[in-house]
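Take a look at the structures listed below.
Two complexes, one shared chain (subunit A), two partners (subunit B, subunit C).
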Partner chain A sequence: MADSSFASAPLGAPAPVSATAPAARGRRRMLRALVGGLVVALPVLVIALGIDLLAPGHYRHMASIAMINLMIVLGLQVYMGNSGIVHLGHSAFVGLGAYGVAILATPVAMKALSIPDAPLGLAQVQLHPLGAALAALAVVGVIALLTGLIIARLSGVAATIVSLAFLIVCHGMFLNWPALFKGNQAFFGIPREIGFWGVAAAAAGTVVLARLFRESRTGMQLRASAQDMQAARALGLDVTRLRRRAWILSALICGGAGVMFAYLTGTISPRAFYFQQVFLTLAMLILGGMATVTGAVLGTLLLSVGLEVIRRAESGLDLGFVALPQMLGLSGVALGIVIVLGMALRPQGLAGRLELDEYIATTLRRGRSTAAPGTAQGEREK
Partner chain B sequence: MEYALQQLLNALAFGAEYALVALGLAVVFSIMGLVNFAYGEIIAASAYAVLLAVAVGLAAPLAAVGLAIAMGILASVLLERVAFRPVRRAPLTTGLLTAFGVSIVLQNLFQLFISPRPQALPLLNGLNQTLMVGPYAVSSLQLMQLATAIVAGGALVWFLNRTTLGIAMRAAAGDFATVRLQGIRADRVVAAAFALSGLLAGIAAVFVLARRGSVAPDMGFMLVLKAFVACVIGGFGSLAGAALGGMVLGFIEVGLLVLLPAEYGGIKETLTYCIVIALLLLRPEGLMGTRRELGDKEA
Partner chain C sequence: MLEVSGINKRFGGVAALSEVSFSCNRDEMIGLIGPNGAGKSTLVNVLSGFLCADSGSLAVNGRVVARCDPIAAVRAGIARTFQTSRLFGDMTVRQNVEVAHSRCMELRPAEGVGVDPEILIDECGLTALSGLPAATLAYGNQRLLEIARSMALAPAFLLLDEPAAGLNDAETALLARRIIAIREQHGCGIVVIDHDLSFINTLCERLVVMDHGRVIASGPPETIWSDPRVIEVYVGQTPPTETQQATIQ
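This part shows the complex of A and B:
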């Protein structure tokens, strides 16, 4: 079918467009996005259920980390996938979220040992974990608002470089403000409030959220501006404002992932939120395809599994007949090769342009129209 | 007075190094729109070539300088052929991410085959001596950096304005299609840009080696990041802007070094980037950049 390449082509019989009010059409579009988001989130929950029921214990932890990575990749997709601007500083927001709850929710007795000299009397404060999470997200939101004011004004390349500079600024702050962030040492004793299913629910919820944003008015306008900036401006779209909104939502999602990470592991250190994580999540998004939420999910799934295999090899592998030595850096090489080959061979990623539900719908429709072209045609004309 | 002169030279030398690297980035960007994140690894490759040469017993400083520069050119041209040619016509984002991937691969290959830890390489430390100019103690390396940057900048201006290839490169920066219609081969212009960029990387590698006395997988990455920031300050794609941005960055860094008490040394980087961001707030398109109107190249 010729129109299969248009992601937003109406799926069922086209409604009499002129008769419907724009508001109703918008509502129907968001409803379809909600259903689509749930379809994409379903595999995440199914895999989580499978691991919960079948896999041995330590796989649960690995899967939890993978699902937190999924949240980060989704956060990246919200900004990068919709605006078309490369973002390399998202891990800074993950770190801010994680350190936010670490500082606010860790028991006072623990903080007396780790950060006794915290400014503003933060060493004597202990919030309820939920309150701490909300406060951390509020801080992330404010910082995202301020940085968004600058980033959204810059052209594509400059925005990328400044996002990277922002990552370095935040990392430098974590390292060089030991009174608040404990510097290079691990920040431990964070209450472990979130379990496997908490992370799974958050990841699935984020999938739906990212999908809703993608199909929302802002998301669609932003995607239009990424395809043709001049046309978008000519239509009167305020591209700066659209980018700023995506930047803030992306930061909040990444910050939320950081909160989850801190509550899951109970221990964080600045190194976890630096280039290593940026490379990893970027490679995941590129492999799957940054244009769609489905791509984010697919890339995270494939690379999480693939890297686990490579990590085994990295720490020395015994193949029975020959024992390979320890090979530090192998996973890094693999990540880089995934990015380079992905860009050269399939820049749109494995998932391409279509979301999972759109792909299913297109395939079904195509199957129906080849099986009984007459009926499909008849239905269309009614 | 002496202190002020010392710091001025310091700032000029830092600025010269950033300007050299920023020029190497801008030459490639202005012609083919590639944000070459792998540039730092070209610098590192030059340094590792010297390390290997010393390991097999070739330990003449002058030969090492030649080797570093040759390796820079070779690595740069090779990367263009292998990694960047397939994405030449792709959107800017694709090229940027490709370069980012190449950078990760190379950094990790250095880790895998040589070592994740810095390796001592004192061969070129002789370049860094303290000279007495009248009553002032100055570093010979800093003087050399400054002189090299001036010579390299001058040579670049001459090359771009007086030679056919140079003029073709400048024309290509404006409109590649028209350059090809004049019968000039695109591959040759692009290869020349990468060779030029690699040459500058080789020179930068010599200076970095002389200053650090060691090589490490990520030795180029942070320097190139600074150079990118210099490009952003100056206006991306403008050669003069890259040189100016490098100098501005050098002055900001040394200025902070002078003004900040020693115990706050750690936040120098952070503050530098904050100042840069503030600069961009005033001029989002960079100091020498021009605001492109609708109908020009994509903003």
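This part shows the complex of A and C:
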């Protein structure tokens, strides 16, 4: 971009009297973030509506799972996208949320069969689903607060390794404490409280929440620290505290996704919250672009659809003119290829640096400035 | 008043700073000069809390500033820039300044309310570029943006580490005028480091000369340039030491 104004900008010209005070501008920025979040959430709701009206029934379940994955990816984006630190432990929080409501909301009669020896008399407890969800999130919040005390002090690889260790510890706990978590077996009988539209609303709400966080004071400062840590220190930013806040919000979102998952499917098992989920959601975020909420949505959408297509091809596909043979294991390979290609061609992810609404605004502005040449100044580069 | 007294800092065997003392008034612009490896950047790092001094103290307006704590330094009103510019590259010019101002409102709310990021951007001549990612700016504008960002902390004292490094003569002259204009608007004390002596001379009423980690002279330019110790360092009668050679970038 030609940038010739350095020498030519007027010097000592009177500063324009700013129409709005910085505080008012801050409020406007959050309002813009809210609108931007709604713009990004809109496609989610439109797709949900399309599936609800047009697609055969079993697509609704698939789409529900995809939207829960979207929540997890958004939770991941809140921490990883803003702090720039790779996070591999987020599925632990998904599991904690899911097991939390499983233990608290499952009917006592059911628990007499599945976890009769639960500690603290939990086998005799049955909370209202909403109360159970809040209690589960409170547990997630406390655990996030405690783990955040450690992990927020760490940078780069060290933080990533600790997040991975946390995943393994939680998985070990689910597996090896059968009195509470039922071990390797499925935990069944969780009330199925949430339907397709409940999940869709939660996913859309999470999109907006993640976007509000991104543009908030904390989010902006955290993103700045990810760009240049020394410059962040020079501004007196408290990077540890910023990371801790993002870590906790991220955990709560992932925990919320776990709650949704448990209430949607009614059955959970530890395997669902382990490496496979970690890598799938990580791939979604990286493919879409972790810097933006738009990237999280885009990556989830593309990989969800892509993997479903591949899954069908795996079990043999009749295209009418040619019938493809059964190809087991294709989805794993294809997932790998997509990630490698995506990273090679667009390392910052498909969405890049701009959110959907920013991209639209930039395109409109560019269109306007080509209509009236000579006014194209100060617009974004891409 | 910025008061630096008796600062010592050693790196292994090298005394990067020995008994460094000087002071700067709130309406003063001081030039900190000295050959490569003299300890100028180390001093900035100590004053801004990036490095822990082995001994010595720093006070702003009579209040002692906690050591090795960048947050305490910012809260006390000390802002700094870097010898090589460090911007938030993917963020826009405006966001770079807004981030600093948002932190100012947390650490120095009383001073921060008087600062408007948009006006700072304008004073640095960057308004037309305010929507661009900082990394795409020309080098001279990056240096100006770093200054605008520091000023968004509403500092009482600004430490500029070689702001003119890498700029051509015209850019350096413009930078000098912008620094003067900003200081007139916002009135903070400035300590500016640079090897470009004519740049320093246009800006500063007083010079502090360092060599081998010591302050060897300080005072108005006329007396500095007739000081035999300064002449010796600058005319280079003594050959550079090993450590000096090692730090020439």
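Following the convention adopted for this analysis, the second predicted complex is superposed on the first by the 337 of 382 C-alpha atoms of A that agree within 3 Å, B and C clash if a C-alpha of one lies under 4 Å from a C-alpha of the other, contacts with A are read in each partner's own complex, and residues count from 1 in each chain.
In the analysis below, contacts are C-beta pairs under 8 Å (C-beta built on N, C-alpha and C of every residue); 3 or more make two chains touch, one makes a residue touch a chain.
Predicted, not measured: the structure shown is a model, and the values here were computed from it.
Asker: Mind working out whether A:86 is in touch with subunit B, subunit C, both or neither, as first, second, both or neither?
Answerer: First partner only.
Asker: Just subunit B (first), just subunit C (second), both, or neither: which does A:330 touch?
Answerer: The first partner, subunit B, only.
Asker: Per the contact definition in the header, classify A:233: touching subunit B only (first), subunit C only (second), both, or neither.
Answerer: both
Asker: Can A:338 be said to touch subunit B (first), subunit C (second), both, or neither?
Answerer: Touch partner of A:338: subunit B, not subunit C.
Asker: Quick check on the superposed pair: does A:22 touch subunit B, subunit C, both, or neither? Answer first, second, both or neither.
Answerer: The second partner, subunit C, only.
Asker: On subunit A, which partner touches more residues: subunit B or subunit C?
Answerer: B
Asker: With both complexes superposed on chain A, which partner does A:173 reach: first (subunit B), second (subunit C), both or neither?
Answerer: Touch status of A:173: first partner only.
Asker: According to the stated criteria, A:162 is in contact with first (subunit B), second (subunit C), both, or neither; which is it?
Answerer: first
Asker: Common interface residues of subunit A with subunit B and subunit C?
Answerer: 230, 233-234
Asker: Please output the residues of subunit A touching subunit C within their complex, sorted ascending.
Answerer: 1, 3, 5-7, 9-12, 15-16, 18, 21-22, 25-26, 217, 220-221, 223-224, 227-228, 230-231, 233-238, 291, 353, 377-381
Asker: For a test of understanding, state which residues of subunit B touch subunit A in their complex under the given definition.
Answerer: My answer: residues 29, 35, 83, 86-87, 90-98, 100-112, 116, 225, 228-229, 231-232, 236, 266-267, 269-270, 273-274, 276-277, 280-281, 284-286, 294-295, 298-299.
Asker: Using the touch rule from the top, collect the residues of subunit A that touch subunit B in their complex.
Answerer: Those residues of subunit A that touch subunit B are 84-86, 88, 150, 153-158, 160-162, 164-166, 168-169, 172-173, 175-176, 229-230, 233-234, 279, 282-283, 286, 327-333, 335-340, 342-344, 347.
Asker: Which of the residues in subunit C come into contact with subunit A in the complex?
Answerer: Contact set of subunit C toward subunit A: 48, 50, 70-71, 73-75, 79-82, 86-92, 95-96, 98-103, 106-107, 115-119, 122-123, 125-133, 136-138, 140-141, 144, 149-150, 153, 170-171, 174, 177-178, 181.
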